[in-house]
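Chain naming follows the written order as A, B, C and D, and within any one chain the residues start at number 1.
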Amino acid sequence: MSAGHLPILQVAIPLIAAPLCVLLRRPGLAWAFTTLVSWALFAISILLLIRVLADGTISYHLGGWAPPFGIEYRLDAVNSFVLLVITGIAAVVTPYARQSVAQEIAAPRHNLFYALYLLALTGLLGITATGDAFNIYVFMEISSLASYVLIALGPSRRARAAAFQYLIMGTIGATFLLIGIGLLYMMTGTLNLADLSVRIHEVPDMRPIYAAFAFVTIGVLIKLALFPLHIWLPNAYTYAPTAVSAFLAASATKVGAYVLLRFVFTLFGQEFSFERMPLMEILMPLSLVAILVGSGVAIFQTNLKRLFAYSSIAQIGYLALGISFASTSGLTGAIVHIFNHAMMKGGIFLALGCIMLRTGSVELSALNGLGRRMPFTMAALVIGGLGLVGVPVTSGFVSKWYLVQAALEADLWPVALLILLGSLLALIYVGRVIEAAYFRTPAPEAPAYREAPWQMLLPTWILIAASLYFGVHTEITVGVAERAAATLLGGAS
Amino acid sequence: MDILNHINYWAAIALAAIGLYAVVARANLIKKLIGLSLFQTAVFLLFITVGKITGGTAPILDAAYEVYSNPLPHVLILTAIVVSVSTLAVGLALAIAIKRDYGTVEEDEIHAEDSAAGPDKA
Amino acid sequence: MSDFLVLRVIAKLLIPFILLFGFYVQMHGDYGPGGGFQAGVIVAAAFVLYAIVFDVKTARRVAPMAALVSLACLGVLLYAGVGVANLIYGGRFLEYGALAHDPAHGNHIGILIIEIGVGIAVAAVMMIIFFSFARRR
Amino acid sequence: MFVAATGIAAVWLRNLLASAMVLGIYSLLMASLWVVLDAVDVAFTEAAVGAGITTVLMLLAIALTGRHEKRRRARPWLPLATSLGTAGLLIYATLGMPAFGDANAPAQLHVAPYYLAHGQAETGVPNVVTAVLAAYRGFDTLGEVTVIFTAGIGVLVLLGGAKRRQRKETEPAAGDSA
């Protein structure tokens, strides 16, 4: 087996590992195995990204059938970067998961938990790597089904209700995507994305294509949880087991954003999406509302997981905003934000998991005085939070910088002001966390909590440190993001 | 535009609309799943309709026939049916779990129980 | 569970035929309609019929959950394993042509094996789902 | 138009048991419709899955969750808007579609003829649906098996360790503050 098979190994390894994980039975063994797999995947994605940056797009024909007859894996700067983000998050969250999962989920089912986790990972990687429209649908369903169950495993019964709501909305979204793919196939006779992007413009009657565009966009926006299609997200993230919240918050919505990018720019093309379809006029107000409402609602939450779930809605707004500019700096901002937000939100949810482990609660009141008791955890939480605000030196600043720049380039200074307003709102909710942790004294009857174990602290700090490192050294992230943006915009014309 | 040519599409669309209505309107979780199933099947019908060629036969090659209907939509829908039954199974299992936890599968009663249980605890 | 004699006799007569039909559908998928998925569903249906007419408990003893779970894993692994075997034989993932000297022949073998994998996985999963639902009564 | 009638009935009926039965009949009718449209493989699957497995699962689930749907105050605006919007968009799309059964529609001209022409020679399988399913788009089918595997594991996890958890969940307060 040579390096030429890396693209398929990226997806096939977790797929094969999942049933093996079920067969392993012993929880500890299943966990160790999953960890190894996730590290291997991370290594593969690094190799792939290096190869893509050096040699350009990689195309892998599954089964040896030439596209458009067979299914093609097509890796360019955009999706190999997203692959790196997902596998990176998985490589950090999996070692962390052991203790958090041991606390929140009953023991005999741990091997099944890891199997589902691997399946969710398989789905996300499959969506990202594939170059075939229907294949996206199939792998989206793998990841969705696995996520519904993972969320339902949360300790509270509300987890089940949240998972059901997600299942209904997610399935409607996926079916919309399927309708869109069907319409595209009907008018072009192909399912291959690259082939579609050419043939789509030769269609004699464009009306079905317009409808397809609408269905695909709405379907993806449900998965992405952009306002007002976000209602499944807060409950799902709040009640899921913490390791699952961290993994999904850091990766699932990123893949949603990637699929949107792929359809809007590669498949339909920038000119079609933004000049013949009013995508900018729809996406931009929605994302601004998402930023303001998400941050605004977050301020009033007392449950920290819910607070940061609403903050995710706001951050998704930033992502969508970057896409809606359809300019180099806007897209660079969006793609960099995919990376940065994954690091920050992943780190924050992992820190929340540490707090959950020690105090058994993620209420804001549980934080009182915790700054002294669990200094490392709280420092991680606060730095992650400042990243969400966009304070300089954190990576959140980098993404916002590009977004503001894009707004100014497009002569939309009110938008730039709204971005800053969103940051102010974020400062308020992060401020509440800081206040509780450092300026309030713990209730006298509260036990003296110990710092979280290093097996959990280390992964948390890896993500937080990454978000700091890439806030200062932007050459790598921004460099790749700029290439990716150029690929998307260049591929469109 | 010849209306008769599109009647099959429209029948499928009507079914899809009914199913989708049921999903959003009904409070009973099982009924939502029934609606979802209806909606998906209608979409499948739309796909299969695309593949039909007048005068064609099923795409199993045989010397006796020359015109075959398009096999690709069939393949896609086979996969999609499997996906939909998987979703249904997980959905029903969730509904059963919800019944166990809440004692009801009516959406509004679940909300009522949640708000009765106190404001938003984890 | 049921005391209806007619039902029991008919079911007893039918079940072997249903199973046989399942295997026929499995192997005949190349030439007629059908294949691994349909065959899996039919085989599962035979067990479901058995469980409904006779007793869920007895049916569970015939097909214990742990065995079903292993079978489901095995089915998926068989399918994916063919893909990996292709890689080892120097082909692409799922390039069955690499399995034999003549690509068409290799494809035929490959399709046969993966269809069996599909059949096993589907039958096992369907029964897992059925028994999980039925157990909670 | 029986199909449409059963579809409406499945949604209308408040007795869930009857509703699930009608859904089974709907699936069966849909399967026959697909035979008419030349999709024999799909029809076979729909008959086995829709009319068989789905109905059994539905009935089992209804037995566990109660068979009557409660009537509630109607607020049909949002659902009506959603479904009519979707339908409207689709009808708009159909206006630009090629006529039903047209052999020269774009969908029939690009990839499909290749499968029909080369499928048997390249895979040795005369059923083109099987050839495409297992060979040309074999990876989709691997995905499909994975989906159903996921569902199996998922159901097992959700309903498997139920007994132990049930005890914990009897006090909602304890369950909610965990």
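Odds and ends about this structure:
One rule holds in what follows: contacts are C-beta pairs under 8 Å (C-beta built on N, C-alpha and C of every residue); 3 or more make two chains touch, one makes a residue touch a chain.
Note that the structure is predicted; figures quoted are calculated from it, not measured.
Counted by C-beta pairs in contact, the busier of B-D and B-C is B-D.
Centre to centre, using the average C-alpha position, chain B and chain D are separated by 4 Å. Centre-to-centre separation between chain B and chain C, using Cα means, comes to 24 Å.
Chain A and chain C, compared by their mean Cα positions, are separated by 36 Å.
Distance between chain centres (mean CA atoms), chain A to chain B: 27 Å.
In chain A, 15, 18-19, 22, 62-63, 134, 138, 141, 145, 148-149, 152, 156-158, 179, 185-186, 191, 361 are the positions where the chain touches two or more neighbouring chains simultaneously. Each of residues 20, 23, 29, 46, 50, 58, 60, 72-73, 76, 78-79, 82-83, 86-87, 89-90, 92-97, 100-101, 121-122 in chain B touches at least two other chains. Each of the following residues of chain D touches two or more other chains: 40-41, 45, 49, 53, 57, 60-61, 64, 86, 90, 94-95, 97, 105, 107-108, 111-112, 115, 126-127, 129, 131, 133, 135, 137-144, 146-156, 158-160, 162, 169, 172, 175-178.
Under the stated contact rule, the graph of chain-to-chain touches is complete, every pair of chains being in contact. Residue ranges of chain D in contact with chain C, taken from their complex: 40-41, 43-45, 48-49, 52-53, 56-57, 60-61, 63-64, 121-127, 129-131, 133-135, 138-139, 141-142, 144-146, 148-149, 151-153, 155-156, 158-160, 162. Against chain D, in their complex, chain A makes its touches with residues 15, 18-19, 22, 62-63, 65, 68-71, 106, 108-109, 112-113, 115-116, 119, 122, 126, 132, 134-135, 138-139, 141-142, 145-146, 148-149, 152-153, 155-158, 176, 179, 183, 185-191, 199, 203, 205-208, 210-212, 214-215, 360-361. Across the interface of their complex, chain B is touched by residues 1, 3-4, 7-8, 10-11, 16, 19-20, 23, 26-27, 30, 33-34, 37-42, 45-46, 49-50, 53-54, 57-58, 60-62, 64-66, 69-70, 72, 74, 76, 78-80, 82-84, 86-87, 90-91, 94-95, 97, 99-103, 105, 107-108, 111-112, 115-116, 119-120, 126-129, 131-133, 137, 140-141, 143-144, 147-148, 150-152, 154-155, 158-159, 162, 166, 169, 172-173, 175-178 of chain D. By the touch criterion given at the top, residues 69-70, 72-74, 76-77, 80-81, 83-84, 87-88, 91-98 of chain C touch chain A in their complex. Residue ranges of chain B in contact with chain D, taken from their complex: 1-2, 5-11, 13-31, 34-35, 37-38, 41-42, 44-46, 48-62, 67-79, 81-83, 85-90, 92-97, 99-101, 105-106, 108-109, 113, 117-118, 121-122.
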